[in-house]
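In the two complexes below, chain A is the common chain; its partner is chain B in one and chain C in the other.
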Partner chain A sequence: MKPLSSLRDGIGFDLALVGAALLFLFLLAGLPLVYNVLMSFQQVDMFTLNALIRPFAGFQNYIDVYRQPEFWLVAKNTFIFVFFSILGQFTLGFALALFFAKDFAGARVIRGLFLVSWVMPGLVVGAIWSWILAGDFGVLNAILKGIGIIDSPMFWKSDPSLSIWSVVIANIWLGLAFNMLLLSVGLAAIPRDIYEAAELDGANAWERFYTITLPMMRSTIGAVLALGTIGTLQQFDLFPALTEGGPANSSNVAQFWSWQMSFKLYDFAKGATISVMLFVIVLFASIIYVRSTRHEVRG
Partner chain B sequence: MTRSNTSLYITIALVLAGVYLFPLYWMYVTSLKGGSEIFANPPTFWPRDAAFSIYPEVWARRTMPTYLTNSLIIASGVTAVTVLLGTGCAYVLARYRSIWIDIGLFFILMLQVLPASVMITPLFVGFNQIGLLNFPRTAVVIATAAKAMPFFVVLVRATFMNVPRELEESALVDGNSRVGAFFFVVLPLARNGILVCAILTFMTSFGEYIYSKSIIQDPLLQPASVGLSSFLGPNSSDWNSIMAYSAIYVTPILAVFVILQRRIVSGLTSGALK
Partner chain C sequence: MKNFRLSLLACVALGGIGFANSAFADPVTLKVWSIDGDDRPGIADTFSKEFDEMNDDITIEYRYLPFDDLVNETLRAYATGNAPDIVSLDNPDFALFSSRGAMLDITDRIANSDIINADNFFEGPLNSVTWDGKYYGIPKYTDTIAVFYNKDLFEKAGIDHPPQTWAEFAEDAEKLTDPENNVYGATFSARAGEEGTFQFLPIIQMSGGSFKNVNTDGAVEMLETWKKMIDNGWVSKDVLSLGQWDSTGTFNSGNAAMAVSGNWEIDRMVEDADFDWGVTLLPTLEEGGDRSSALGGFDWGIMSTTKHPDEAFRALEYFDSQADRLYDEFGYVAPRSDIEIKPSGNAKKDEAIAVFLDQLQYAQPRGPHPDWQKISKAIYDAEQAALTGQMSPRDALDQAQATIETIVN
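Here is the complex of A and B:
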């Protein structure tokens, strides 16, 4: 009876609650992750797909992936996609967060409306932007032409020099609201009287921002940047909806390339290898994220 | 703050929100335009003769009832698994402080950051080996639940932290078992927070794409996201149908969001950074 009563009244209760979830996560996320690394060192093709024991390939898959002609193009695109998405999401999100931090009636409600982008299915967002960015009849080209920024239409999705930017633009829109929300939380935590004291001392708006807001927000900014990087590396749905990585891989990034290898070319070994490489990058970003939230985790 | 200042700020805020939400407006407006008007140059910002006839047409032609039913089944399954397993986990992680709790939290935070595109290849091969691909919707449900659960646990944990310990302790003194105290004291107090997080989980898994696309081959079992992708493509031209499909797909989600906006935002802000 002892285990049963412990389950009802003692530590067994806690262990059962936490254990069920952790076991599930271990089976569905931890184990696949290990399996992924294992597959990247094996020969996996249609013949050995169902085999439990496959030939060992050593680093051959890694060498093969590196030797793919599009390897550096995809690496460069992944960098552009992450860097400029974050740049856009963060700066615009910060500007909006600062604006909505002004305490006026309706600020919270209107700010909340921005978050609809975040709950929309990624594929729908991709479809809408695909139409907005269309070369001939897209509304963005019409607007840019109307205010005199461009003379001839830009073919956002089909011009190889622009295609990656079409996904960047859509992704900035998608992630902007979440950045703004998190930064708003950080801003709200700064005590008002510090600003009042600084204002009495004659600090102007820029000085107050530079000497109070930024330093006080350091851990929030770290977390937001790391989360943004992680979220951008997780972004997948926009690619099949907008450009499918094309034309000629000019908008392909690691996460979509990996999927194409596995599910378009059925080269599961290369797919696994690319995703291991991607995971290493995500790991770096998440270490920053976990570190920046460390002291908040325990509170 | 003076009154004129306030109205100035509200005006600016509304303009900003309007610019930001223009893509949504454009979706609805395009769906109401006729076949030739969508290709007008320059585009019309208000449909010349708005027609709703495209909605029933797309609904029937793209077999949307089937797709949306599958989306509903998958999203409900994901939410059920996530809530059942995640709630208890979040509760325990909120109640104690020890090195083991920190390790558990770290593990969960690390799983939160895994891209689905990293997980799909090993999951697909593994599911194939154990025969789970014969039940594709179930396979998608448990894969997506594993993806959704870390975020749910982190958010619900913040909710449980707001439930005073004293209430639970006095319930124990009154003769409740731990199980009794959990179900009759703690859970009712955290109910609203859990509900909001469950709705959030439902909304995100309602739009799930990558797992469904990779795992479900049979069009009769695919969710609405995959159904949408099948008529998107570099050469797609019936944009009013695509936008009508998108509008039918997202309007329920948007409606729920607008109704629950305050709660969702406060739930996110209290949990997201912790």
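Here is the complex of A and C:
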């Protein structure tokens, strides 16, 4: 009798709920993850794909990945892609959020329109940007030429010094709305009277931003940055649509490289190995995210 | 009593089903996978449907798969025991399956067949279904690349014949380049993918190399020429990211005077191009030098896990027996030397296809090698590293050679 009542309204009920969620997580996220890590330590062959027991490879896959001639280039590109995507998405998103917080006529409608980029599938966004960034007949070059910034066209997708930036630009556009939305919510949560009090005390706009907005937004900013890092490390669709990691791997990043290894070169073990390396990085970002949201609950 | 009657009824009904079964045997179901039939009827879906309708004892379940998913989906299906009975694959992917026993050895069946005759096939396509001296499939169709050129622009530039050597190709490209009117001298595809290898491997082969031996002097020289053409603006930098279809699109719209591309473009060109154009064989490295060309096209194979090898082979026989319809109905070139292409009535089209048929004699398959994709990546990576100036052509090809040696040895 006792376990049953505890199941209904006691601690047992809570445990059952948490247990169900954990089981669900384990089946959907945990098992593939374990399988992936396992695979990175095994010799995998296209015909033993669905087997669990395969010859043990030790750290050989990790050594092989590290010895690939493009390893450091890909690592550098991944860093550039993540860092500058986040920088662009966050600063522009924050600027837009502040701008639309002014609540002028039509602010809400225009803010709503920004969400278009967020609901569009990455492949579609990639195809559109592929047109915009085309070297000979692209829109961006036409604009830059029109306002006199450049004389000859920039080959965004084909110039090895520009190709990674073409994906960064498209990704900033893609993630802008998400950043703006989350930061807008954070801004709206700051009580207006604090600003009024500060204004009465003679604080100028910059001082109000620096001493009120930023500290009050700390947990939101932490969450936005962490989620942005995770989202950017997952961003895949833009690469096949824009550059395929080329020319000569100059725009290749870890997540695309991992896919290329598994599904283009059929080297599933190396593909799994790269994704495990990525997972470790995402894990750090997740820890920051969890810490910043915990701070939010307490604060 | 009621129950008894019910069960009696059930017995009669079941008996009836059993009887029906023995009288009309269940048709055998064959699963056929290919990339045809997405936006318009193609070879595999059309022939599958016809074969299904003409045979009461065989039902065909046809499944369309996008080009990029075909190999992955087939691999996964094979690994989990749900493989199709018949699959058609791009020719460089075939060895991946046949070398590992995933395809049925049909050597004896071909030898005993009244319909399929191995001697009829072009050598290149037949090589792509051959592994260890045995046949694991039959060629489905074939294609290759040559040079399309804009006769109007050639006349305007005062050039009286299409280029015969790559040096001439570069010279002509310089003369034909006209930035004022957005015209490049030439276009090709040097993309980071199979298409890049498809267009560059013939150069390696012309210079005496092969996919196992890529760092030849001729290939180095050629990369220098191509780099010069890109650096001087005779060829758009975007050839490094454009696929063949898009690259040839700039030719069709009059923005490039020459294009390296394949016979799959002919029908589109007949429709799009509002200028006079022609086709010439892929240039050689020096006058009268060795010819080579890329071999494209798909192959048919029966997967080794099939439960109905006899019926599946009958389907392959039917597909092959219809090969003379490939060009008229679908615009593909049959992989057989005994099939003549009938005149279409369009002079430009007929002249073009004649050149491609000539070019096919020089077409060489990619591989066959089970790790073709890795070899291919080494080749297009080297091509791109050299054309973007990140490495010297010699170093890039040496690095590719080192990578390839770890794969083929």
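Things to note:
In this text, the second predicted complex is superposed on the first by the 263 of 299 C-alpha atoms of A that agree within 3 Å, B and C clash if a C-alpha of one lies under 4 Å from a C-alpha of the other, contacts with A are read in each partner's own complex, and residues count from 1 in each chain.
To be clear about the criterion, a contact is a pair of C-beta atoms (placed from the backbone, for glycine too) under 8 Å apart; a residue touches a chain by one contact, two chains touch by 3 or more.
The model shown is predicted, which means the values in this text are computed figures rather than measured ones.
After superposition onto chain A, partners chain B and chain C are found to clash with each other.
Contacts of A:222 after superposition on the shared chain: neither chain B nor chain C is touched.
Legend: residue contacts after superposition of the two complexes on their common chain; A:69 is shown touching chain C, with no touch to chain B. In the overlay built on the shared chain, the residue A:244 is in contact with chain B and with chain C.
When the shared chain is aligned, chain B and chain C each come close enough to touch A:263.
Shared-chain residue A:160: touches chain C; no touch with chain B. By the touch criterion defined above, A:35 lies against chain B but remains apart from chain C after alignment on the C-alpha atoms of chain A. In the superposed model, A:108 lies in contact with chain B only, and not with chain C. The larger set of touched chain A residues comes from B, when the choice is between chain B and chain C. Common to the chain B-facing and chain C-facing surfaces of chain A are residues 49-50, 134, 136, 157-158, 243-244, 246, 263. Only residues 8-10, 13-14, 16-18, 20-22, 24-25, 28-33, 35-36, 39, 44, 49-50, 52, 96, 99-100, 102-117, 119-132, 134, 136-137, 139, 142, 145-146, 157-158, 173, 176-177, 181-182, 184-186, 220, 223, 230, 233-234, 236-237, 240-241, 243-244, 246, 255-256, 258-259, 262-263, 268, 271-272, 275-276, 278-279, 282, 285-286, 289-290, 293, 296-299 of chain A touch chain B when the two sit together in their complex. Chain contact summary for the complex, chain A toward chain C: residues 46-50, 69-70, 134-136, 155, 157-160, 163, 243-250, 263-267.
On the side of chain C, the complex with chain A involves touching residues 71-72, 75-76, 78-80, 96, 100, 102, 182, 191-193, 236-241, 250, 255, 373-374, 377, 381, 384-385, 387-390, 399, 403. Within the complex formed with chain A, the residues of chain B that make contact are 1, 5-6, 9-10, 12-14, 16-17, 20-21, 23-24, 26-27, 30, 38-43, 81, 85-86, 88-89, 91-93, 95-97, 102, 104-111, 113-126, 128-129, 142-143, 145-147, 149-150, 153, 177-179, 182, 200, 203-204, 206-210, 213-214, 224-225, 228-229, 232-234, 236, 239, 242-243, 246, 249-250, 253-254, 257-258, 261-262, 264-265, 268-269, 272-274.
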